Amino acid sequence: MEHIERIGISLDKKLLADFDKIISKQGYQNRSEAVRDLIREKLSSEILSNPKAHAVAVVVLVYDHHATELMKKLTNLQHSHLFQTISSLHIHLDEHNCMEIITLKGHSGEINTTAENLISQRGVTLGKIHMVPSSAKHSHS
Amino acid sequence: MEHIERIGISLDKKLLADFDKIISKQGYQNRSEAVRDLIREKLSSEILSNPKAHAVAVVVLVYDHHATELMKKLTNLQHSHLFQTISSLHIHLDEHNCMEIITLKGHSGEINTTAENLISQRGVTLGKIHMVPSSAKHSHS
Amino acid sequence: MEHIERIGISLDKKLLADFDKIISKQGYQNRSEAVRDLIREKLSSEILSNPKAHAVAVVVLVYDHHATELMKKLTNLQHSHLFQTISSLHIHLDEHNCMEIITLKGHSGEINTTAENLISQRGVTLGKIHMVPSSAKHSHS
Amino acid sequence: MEHIERIGISLDKKLLADFDKIISKQGYQNRSEAVRDLIREKLSSEILSNPKAHAVAVVVLVYDHHATELMKKLTNLQHSHLFQTISSLHIHLDEHNCMEIITLKGHSGEINTTAENLISQRGVTLGKIHMVPSSAKHSHS
């Protein structure tokens, strides 16, 4: 495991105590993992500020399942951007609403455009885009 | 369609022109749909500010697939909160990384805790939580 | 007032009722103003996604007032970026902490760099950047 | 300085190298300060999720300076919530627009309501709320 390094961080006792309290509440086993997550989160948003960054987007759509035409459109849209679509998951929320979770791969700028296009479709009542850098290859200890 | 209402909105020509430009870029067919999306988005975040709100969370986890112990833990965690878990989707990002998309149903406060617990697991390099009100029953025209 | 236009928006009664409830809670006098604010907010974030956009940043810094060296640094930093700094406001939070609110004008990318530089100074315990497009010239009715 | 503690964090070399690159770009002198800022930021948002938390809000308003009635209203609103208002800063953005930066002190839930009320006033074209915990008493090394 020669690719792991250990660094020292000095901080105020009060700040450390507050941090320990919150991370234990969130289920962290140790500080290293919690600090690594903060660092990864910061790097992730830095990377994604570049529209050319390789990314995977998770697009969450809520829509009325009676909107059969929309479902056809969604299918077509996914196929027309086939190179970017990895997979999709369909969930029945209740008697009226479906949730569709679609993953797209590509440059963050392009897949954002595709995702916005999906969300703007008539019948989609809620849409969210979640982006992760696809070069999220950091390992861990 | 007696459940549809039509309201009038007055706004500055310049503001309207700018709005038209951006929504056409995003693929909206008409202003009504774009304004409805803005309204739904605002309502959604208002609803979710209440920890007792019924919600569905989409939890996105990125992790190293060599972390076989983690995979067991993830499975157990999902089963221990079985009442809340709807489904999960597994995606191979590259030779090192997997993405797991898990949907949880329940009160927004509780499922947030469960989601944070999943994200805090060792081996998870990136985690995101996306919440939608499960009473997203607004229809559309 | 020939620069004002009136558009019609059709939406579901339930969605409209929910919207009316939340905006009256927030103090809006009418729907037009509330919808205009949603539209302006969307345009604003769209504009600011371009690092070349003209913007004004409000930088909020919290720091220990015993850190006299920091205060000197902050003053110097502001003067070294003088062309961008409009003004600054100093507030005594409590016996230990000061808040400094600094406004910077320029291209959003550049002033973001300057703001990050201020926040990264030793002694600054909390820092936030708020960006508004400086071409926020939309009028209203 | 017996109130300072030093902890060890183990992390992957690649992750550390990426972190070093981004924090040096942002002007950090050392990793400790950068990690402390990440921790403080996380604690701050955790604290503010409680509406009873003591906080200071920085409210940024952009509005047309011809709206003299609005200016009166803003002044009145500030005085009617006098117990919460610390100070306000007025900036001329251009020939049409003013920016008003108002700081409010109190419970995060209450000052959020006051801030929303300010933003919802006719004539305010852009409004933003920035909240910091007023018990931001963490010191630093």
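Going by the order they are written in, the chains are A, B, C and D; count residues from 1 in each one.
We adopt the following convention: contacts are C-beta pairs under 8 Å (C-beta built on N, C-alpha and C of every residue); 3 or more make two chains touch, one makes a residue touch a chain.
Remember, predicted model here, so these are calculated numbers, not experimental data.
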Key: Centroid spacing, where centroids are CA-atom means, of chain A and chain C in whole angstrom   = 26
Query = What whole-Å value do you get for the distance between chain B and chain C if each is reduced to the mean of its CA atoms?
reply = 26
Note = Between the Cα centroids of chain A and chain B the separation in whole angstrom comes to 10
Request  = Going through chain A residue by residue, note those that touch at least 2 other chains and give them in order.
outcome  = 40, 137-140
Inquiry  = Chains as vertices, touching pairs as edges: which of line, ring, star, complete or other describes this one?
reply    = ring
Key: Chain-chain contacts as defined at top   = A-B, A-D, B-C, C-D
Message = For a test of understanding, state which residues of chain A touch chain D in their complex under the given definition.
response = 3-16, 18-19, 22, 31-32, 35-36, 38-40, 42-43, 46, 137-141
Note = So, in the complex, the side of chain C touching chain D is made of residues 23, 26-29, 33-34, 37, 40-41, 44, 56, 58, 60, 62, 64, 86-87, 89, 91, 93-94, 96-97, 99, 101, 103, 116-117, 119-128, 130, 132, 134, 136-140
